[in-house]
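The structures considered in this document are given below.
Note that chain A is present in both complexes that follow, paired respectively with chain B and with chain C.
Entry: the complex of A and B
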């Protein structure tokens, strides 16, 4: 049996670009570091392992953190409860108490998935969702796939889907053409990003990219058959096997909320508030990357390193990265402007469209309910297995029953559904007791 | 890319690439992952463990997220309990 109580100087939650950089930076000062991620492999979403292409080249150096001296890497391990000075996590080693002096939240982002008629049909996934599934062997050879929604992720997702054999029907970006033109003109300020965009376009040669084009409905009996598009050329229906539609990313603030960290508004959503050295409002708790607001991979790597240094007590190397951080964050600002959502998208769901997929609650059932707590009590919206992660985020975007306006604000433990045995093991075990 | 591995989905043999998820295996068979409480067929939405639309029974353990579970040779997956 593995040791169920582990003690670290620095505990890092999330092993994407931010978390890997944080672990590496903290370990470089001799700190004993724990690195935990719910996924079975490191890399987060952007560096997710691909069954065909393996690990991205850029990730290789970052992955060295997993084997660095002083780093205890715990894959497949989900943080579920926050206690004073420790997290309860469950995974292949059973329930673990992860004690820390400093905690780095590198929890990343989730995709913004919005309801529209037909979005619950099998065959409809997120855009990043489709990319993640493809990288893990989802069968795509010869499938007709339409990519839609908003943001640069659509290009990355489309390139992955094509590499896995999908026949791309097109990429439908909701942002208008003039916004994309302005974006392209300002892109050279970030040469790395410009090159990345160019490389993606090359990999997507021959695939139509339509601006100002929105998926208004998915049609099918028990699986997706057709996608209905509303674009500058009017409405059209396309026969389709898979629709990959996502509207960008939102910070994952769940664990920060459980810890009581102050959040701040990020558009219609929220991000973790932190100072220039990435200290959150809770003593000893730091945050880095997408949890602080969507900034992308480069920003996450810089902030992860900063948070890792500061968490290990070394402020100077963190301050030295501040200018690079500001430059990376400025790019994120440009993305937000360019890919701001068209009001048409907020009006796609009809009264009969399900918003809560776990409890099958239609949007119409939420009419006149003031907040998320009332929505739960009156309709069960947000009370299913996903615990409101999908519908809560969607409703925040639509401005309906907003979770932060709720008298029930803040997330309740456990963070994710957990085995009863994991709770029992941990709370009947005395952490002071020495094991042989 | 290396080889493939064989597992069982709803009693039928399915081959997936090494490193694939249990979700990929269910998709190869082409059946819904679960039925919603209103009886609708469902399949993964988010691909990253958030939406819980991919939950299935794996080697006798119910309610596991197929997208977060690596496929293993001989694994037995069943959908829609």
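Entry: the complex of A and C
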């Protein structure tokens, strides 16, 4: 089990709904499948393990993929570097070389965090971030929590926070009421989604849900004390212990970029470009789920299965899923329309508001810098431990600096911080290390 | 057509330094740069200000430049940090070479001191056991090169220089340049385009020497000096196609920059894993604690190398009013300021502070050095 060089027919990166479906589909054709995820448990963000509450039945069924014959499940394993035909990964078993004939990118999404005055105060997190922390056992009992931002994730996050004992002060959705009404009217086309929404709403009975309501500032000396809201009834300040604010999700394209896959515009962000059979621009590399554009769990499951089939050489079962995929993607389109961001949100950050938390770079330092590479060289924005994952996404959303068009195509590993020793592992029995 | 006393092509640290020096002398200066300022080899560089003493000409230029750097030492934005250089001797043989190096540096006006094994571990407790000692050059420093390039360009601008950013020189004219948007600028031209030099001046031999660097998360105080192995020059200036050397730098942020490698004749920017393995293993042999540190980024860069290891600084015979400042390989950050002085002194017909003959491009063109 500790073999550091492993060879698979299909390697799947990401064990959320898309990756689990891909692994199962590929294994069903007899392929040797490797499934890796940086988290210690499968499920991705949407089915993240909850220390106190069980898993939904749908997730439990999907987890059967982990035990499927031919599937080698490698939890806690982070892909860090791409070479032709293999990935370098690091995890509890040390550094691994994961060779593949076909690779499925099921890398999911990241939360869009946007700067506003006070957003770096302790007590302010993303909405998805707060949900993940709650599931890991973060103490919330009796804490006054305000959930804000945009999108269906706010409801899911609020439900989890409440179930873990938080006192919810309200959910502040930036989208205006009329957009939410239109959304509700069209929801019956996706009965599953309508039921899901209804169930969430039931779990959130008694919690105020305010539309057209934007967090404009977080106030506090060294920790969060008050949240300032701009809503249809004007401005108000609310005393609060915790603010969970997220503006939706963006595709995680990091590994695709390392591999040299072509990306395409998705609003102000980018997604992996793929054809109808989910083939990316790089031979043998497929993508599924949120990496192809935010589409939600159901879309991810369908695309994961499609990509798994095609990666294992079976196109027919993938084609058979195309219609379901289109239906699920149409729902995603509706979400984007409904939760399009209010221009007020883009104007929240002041010149003195930090945009890069790793390197303490305020927005004002980026004035007149045309792209993210200029910004990096001149201000260090994006040069810290997160390597621009947070600030780069925020700046793209704000339209401040164009995404980096670097001279080396942005292919600068590692994908995530990794022990230098893992990068120095040559996988031979003749280490080149010598006495100095 | 606009006319200038000097058109500087390229705003890496060398071009920017030349533009600043020329504008400071009252020349009317144009600068043309297609990419970000300091975005080529300058951005990829370590930013170590260091005197290399294995070639007298290189030593003269670096010592001269280090003195010129002193006026920027208090500039916060370039992150000047006087950490000093500590050259590490693996054994008594390497340590025995130290007095001669100290004497050579002293001859160029640079202070250096021999360090025995006990002192070595006092200075850098994390070094692997069993090392013999070394040489400390206390006044050397590290900087953040792209910011310095930008600062120099700003200085040039404040002295009246005009910049064409986002524009590329596509052709050298009889007495000027043509840009990619058709604009023509007239005047003497200084080509300071680093590894891109052959595009405009194919007659000058220049090739890329690729390097790789890794940087860690923040570990303030873990190491204090720029650390190099005394055998560094063998790797840096040897003829091997590929080589690595122990060369590690503490950034003022607490991050640790890990080098270094050389690959000749490779122009792609992909990370070479076998060379990375070799480089890191070499590093761990001297600094085992680095094994467990988190690496956050690896990148590559191309050094502009010349056949004899010396830069091209001066007029180019066979072309009217064309000057060159390029080919600094790994020393462009250190020697940018001295290079700029030599160029400007040459343009103005002054006697420079150091002998310019070793750097004249004429040496490569079969003719005798002027």
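Assume the second predicted complex is superposed on the first by the 417 of 436 C-alpha atoms of A that agree within 3 Å, B and C clash if a C-alpha of one lies under 4 Å from a C-alpha of the other, contacts with A are read in each partner's own complex, and residues count from 1 in each chain.
Keep this in mind: a contact is a pair of C-beta atoms (placed from the backbone, for glycine too) under 8 Å apart; a residue touches a chain by one contact, two chains touch by 3 or more.
Because the structure is predicted, anything quoted here is derived from the model rather than measured.
Trainee: Quick check for you: in the superposed arrangement, does A:374 touch first (chain B), second (chain C), both or neither?
Mentor: second
Trainee: Check the residue A:417 against both partner chains and state whether it touches chain B (first), chain C (second), both, or neither.
Mentor: both
Trainee: Is A:179 touching anything from chain B or chain C once the two structures are fitted on A? First, second, both or neither.
Mentor: Neither partner.
Trainee: Check whether A:95 is in contact with chain B, with chain C, with both or with neither, and answer first, second, both or neither.
Mentor: A:95: touches no partner chain.
Trainee: Once chain A of both complexes is superposed, is A:39 in touch with chain B (first), chain C (second), both, or neither?
Mentor: It touches chain B, and chain C stays clear.
Trainee: Is A:365 touching the first partner chain B, the second partner chain C, both, or neither of them?
Mentor: So A:365 meets neither chain B nor chain C here.
Trainee: In the overlay, answer first, second, both or neither for which of chain B and chain C A:385 touches.
Mentor: In the superposed model, A:385 contacts both chain B and chain C.
Trainee: Once the two structures are superposed, pull the chain A residues common to the chain B and chain C interfaces.
Mentor: 359, 384-385, 417
Trainee: Considering the complex alone, what residue numbers of chain A touch chain C?
Mentor: 81, 83, 88, 359, 370-371, 373-374, 377-378, 383-385, 387, 407-409, 411-414, 417-421, 423-426, 431-436
Trainee: What residues of chain C sit close enough to touch chain A in their complex?
Mentor: Per the touch definition, chain C meets chain A at residues 35-40, 43, 88, 90, 128, 130-131, 146-147, 150, 166, 214, 216-218, 229, 246, 253, 258, 269-271, 273-274, 276-278, 280-281, 283-286, 290-300.
Trainee: Going by the contact rule set out above, which residues of chain B touch chain A in the complex?
Mentor: For this pair, the touching residues of chain B are 1, 16-21, 23-24, 27-28, 32-33, 36-38, 40-53, 55, 63, 67-71.
Trainee: In the complex of these two chains, what residues of chain A are touching chain B?
Mentor: 38-40, 45, 49, 51-52, 76, 110-111, 113, 120-126, 128-133, 136-139, 222-223, 357-360, 384-386, 389-390, 417
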